[in-house]
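The next part holds the structures, each set out as structure tokens.
Same chain, two partners: chain A is paired with chain B first, then with chain C.
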Partner chain A sequence: MRIIVVIGRVLDPEGFVVNRRRGRIFVNREEYLIQPADRCALEAALRIKDSRSVDVEVVALPRCPLPDDDVLRLAVATGADRAIYLTGDGVAKADDAVMARILAAAVERLGGADLILTGATTMDTGQAQLAPRVAEALGWPQILDALHVEAADGRVTAILKEGNGYVTVETDLPAVVTVPQDTVKPRYPDGVRLINVYKREGEMATAVEEWDVAGLVDAEALQPLLEKRGQDFPPERERGVRASGTPEEMARAVADALGQRV
Partner chain B sequence: MTASYLDLLMAQQEEVTEAEGGGGGIWVVADVVGGAVAPVTLEALGAARTLADSLGAYVYGVLLGDGVSDLAQKLYQAGADGVRVADHSSLARFALAPYLKVLSDLFEGEQPEVVIFGATAQGQALAPRLAQRMGGGLIEHVVGATLDEATRTVQGAYPAYGGEYYEIGACPDARPQFLTVEAGAFPVPFLDEYRTGEPTAVEVEPVEPAVRAVGLAEDFEPPPVPLAKARVVVAAGRQVGDFDQVEPLAAALGGQVAGDRGARDAGWIEPGQIVDVRGVMVAPDLYVAAGIRGDTFHNAAIEEAKFIVAIHPDADAPIFQVADLCLEADPRAVLPALLKALE
Partner chain C sequence: MDFTFSPEHVALRRMIREFAENEVAPIAAEIDREGRVPFETLKMMGEIGLLGVCFPQEYGGMGAGETGYCILMEELGRVCTSTATNVGAHIGIGAMSIYLDGTEEQKQKYLNPLARGEKMGAFVLTEADAGSDAAAIRTRAVREGDSWFLDGTKTFNTNGSFAEIVTVLAVTDPTLGARGGITAFIVESDTPGFEVGTHENKMGIRGSSTAELIFDGMRVPHENVLGKVGEGFVSFMKTLDMGRLTLGAACLGGAQAALDWSIEWAKTRKQFGVQLAHKQSVQWMIANMATEVEALRSLVYRVAWMVDTGQPFSQLAAMCKMYGSEVASRAIDMALQIHGGLGYTRDFPIDRAFRDARIAEIFEGTNEIQRIVIASNIFRQHGVRIRP
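After this line comes the complex of A and B, so read on.
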């Protein structure tokens, strides 16, 4: 059984400050994290691997353009069997539509897969389109926002939140499943594996491969559809707004304010 | 003008007609919740109407479900020029494959310019698949939309890092342009009861869903979310008297209960629920402080909260210096009223 885990990175929000009045973002410390939901997806994949007696291979692939392969090495150090670092001229500007095509082609080149696991949303912009796009590109079914995932006997079973309760759903493999943030406690990378994956020693010597996307998809497929046209900043936070009136009127003011936030 | 003639004019219903042959246009795929059109769909129709008026395009609504034909007039009232209805028992519950088949067949024929979904579970599942299938671009969680009229491109603003700022994206070379819009981001349009139309039925070819429901997961316990990561925190201090109103409020808001050191001293909360720099630092989207005066340690611990509501009878309570919405009142009077208002 082969499980593909699609992981990406995100700028650590602790390392920058947004100044709404100036309309600028001041980055004090440019440090990146693995997308938290992608870490949970990796953990879900490793738990399936741990729970099964048959061979399960976990392969990590990037969800977005990466300037280096640190995130993939961390995935291998955490327990993935191998990782594919995608490089080439076309990949640097790839959006989710392009990444979906590249990932679908990469899965084909790997000889197929049984399950693709990835984070449900990105931490920075909350984008959730990559997994359904990959599922569409491969013609596979999808299960989104799975709180628990099991794969056995040619089926993937997942638990989803529905209303105030939870339901179990299943679909036949191969399938694409997304996992939200904070659904499982991700394990830490293994120290020895981490050192070996950077030193390229032992079984880690060939764990991270490098593939040029030019060999996966044609140049036309690498044209991004989404164009970023800048940023906008909401007005500065206005503190100390007083609500007045009877308790009922105040409660109504609070309920109206909360209605936009909860 | 006589009064009777005016009455006659006002009562005359405006029959909405579509463009001959269809093609292009801004399409809104409706969410139906509990047998009614979801507010986010009406908001999306309002946004679509504004964009369409600038583009000189028509607005179309799409309804999918079982027994949803009667809802078509609501879409006309909200601004749709045409409505397509896929009314079939196989569409009674949302399932990806049947819905995707209907929409894919419909849009292949109609070639829309823009397609808008609500950023709901249904919209978030359908929009990316349709976009990938049709070669369209997709901007998710849009909270503001403007138009680049020269290229007929919709520019969508979507929140980054929980709304700290907005990224602006556009898909100038991709058609259709897909958007999912956040609930509450656009105003609900005026519902013109005199605006009516004749919806067009869409032929439905039943498709078996690829994902099957197995049953309720009654034994499933989701992993607990630590207080530091909770999205909503309802905290209270001694002023509330007891936690009888605090816990229901937290449940109504889907949040966690916390308190200050005073609440801990009164035995109402556990040590792990104390919001304080020496206890738990929180960063929720919403923090409700009921009867908490707000000392330096407490206020520093809620610095990262995105919206703070404070209820305290003392006008000079330090909590009001950090709160976004301040209620100078007895929390014992406000909390029951708030619970009632939230219902």
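After this line comes the complex of A and C, so read on.
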């Protein structure tokens, strides 16, 4: 069984401060993490691997253009068997439509897969359309926002939230499943794997392969639909009005303040 | 000159920081209040390889070197000095003594389970009348055939109450003194004659265990002599050099935490209608703290690099311990001053940090001893041998 986990990176929110007035981000510590929802997807894949007696191979692939293979190495340190780092001119400006085509081609190059797991939403941009696009490109069924995932006997079972309760859904493999953030507690990387995969030593020396996307899809498929032209921030929220005095005075002050806004 | 960390050390710090924030910080106040060792945290650390961070992989370690170990101690020191103390006693002096002077068989038998976190270690030196004067120990080891029999009492043993593998120093020839008359042994705590005595009720690092250990005719096989007979004192001093460096790293974490709290408080707290950050007196304290923290960081990681590249580092390790412990104490003191009366309450972590930091100026060789070590090295380089 082969499980593909699609992961991206996000700037560690603890490492930067946004100054809305100046429209700037001050990065104190530039460190990237695996997107939290993608990390939950990786954990879901590793739990399936742990629970199965048959061989399960977990392969990490990027969800977006990455300037380096850092988070892919982190995925291998955490337990993925290997990772594919996608490079080439075409990948740098890839949007979700392009990435979906690239990922579908990569799955084909790998010799197919039984399950694709990825995060339901990205933490920074709120992006949630990659998984449906990949499912569409491959012609596979999709399950979105799975709180729990199991895969066995050619089927995948997932628990979803529905209204105030939960519902269990099932589909045939191969399939694409997304996992929201905070659904499972992800494991920590294994220290020995981490050192070896970053130092490219021992069995980890070739754990992260590099594929040029030019060999996966043609130039036309690499044309993005979207172009990023800069970033801006919404204005800083104005502070509220503090009312003081007797309850009657405070009520009047609140009413006046509301009246002025209307 | 290249001051950047390697990619594996950057990744390791990220992993350790996450572990420290998620698993260590949330219970730091609780273990201090309850005076309990966080065994559950230590177990988790063992499972992901952190308890063997610096040792080679052939001995069950992670292979991240002394730099990796300093990163671990810095990040633990930033959130919980007690946990850093437990780990420091286990790795930095307990397991380290076996790594530095153990035979191949001893490393496979004892270092391996220690590095994997399957067993905990301790390093046993101090006695009631042998603190700074470490060579004045009285614990005796007498040889009978292929066995040694240990008798004596050791005090202030971090991890001593629960460690399964303990390295201990004993007098084997009272006529020879420190040079030739003292030997180090590896002992297993489930051996008859090994007893845990009084537990110390400490002012700080209350989430670590400090206990008296009594050796009552305890038999130790000759194969468990660590290093050579008569060379134990030198062996232990060598181990302490390593421990001093990483104690400096833990102090770096503590000082960094104090600085972080102070910056956050200076941004939040308003007096006279403005944030404290706008007050020059506070700015100067923050500037002083930040400068000392950066100076300490440079010192700690330079010495870690020297260890990893096989250079002599004894004098600089003493500086790490001495300077680090004093920087941490000063930083926490300034953090308290910046926080004012609220910082003096137990609602803030400064209370715990204040109590925890003080021990670093005392244990693993008082700062007075460190100054002697540093001065002795300096004068030796200038042709003068300092008399004790």
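What we mean here is this: the second predicted complex is superposed on the first by the 238 of 262 C-alpha atoms of A that agree within 3 Å, B and C clash if a C-alpha of one lies under 4 Å from a C-alpha of the other, contacts with A are read in each partner's own complex, and residues count from 1 in each chain.
Just so it is clear, contacts are C-beta pairs under 8 Å (C-beta built on N, C-alpha and C of every residue); 3 or more make two chains touch, one makes a residue touch a chain.
No experiment lies behind these values; they were computed from the predicted model shown.
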item	value
Which superposed partner A:Asn28 touches (first chain B, second chain C, both, neither)	neither
Which of chain B and chain C A:Ala257 touches, first, second, both or neither	first
Touching partner for A:Val18 - first (chain B), second (chain C), both, neither	first
Broader residue contact with chain A after superposition on the shared chain, chain B or chain C	B
Which of chain B and chain C A:Arg73 touches, first, second, both or neither	second
Which superposed partner A:Lys199 touches (first chain B, second chain C, both, neither)	second
Which superposed partner A:Gly191 touches (first chain B, second chain C, both, neither)	second
Partner chain in contact with A:Arg237 - chain B first, chain C second, else both or neither	first
Overlap of chain C and chain B interfaces on chain A (superposed complexes)	none
Touch list for chain A against partner chain C, complex	12, 31, 33, 70, 73-74, 77, 188-192, 194-196, 198-199
In the complex, chain B residues that touch chain A	96-97, 121, 124-125, 127-129, 131-133, 135-141, 144, 155, 157-161, 163-174, 184, 210-218, 220, 222-223, 225, 229, 232, 253-254, 285-286, 306-307, 309, 320-330, 333-334, 337-338, 340-342
Touching residues (chain side chain C, partner chain A) in the complex	6-8, 10-12, 14-15, 18-19, 48-50, 52-53, 57, 62-64, 68
Interfacial residue positions of chain A with respect to chain B in the complex	13, 18, 20, 25, 96-97, 100, 123-133, 135-137, 141-145, 147-148, 157, 159, 161, 165-172, 182-185, 223, 225-234, 237-244, 247-248, 250-255, 257-262
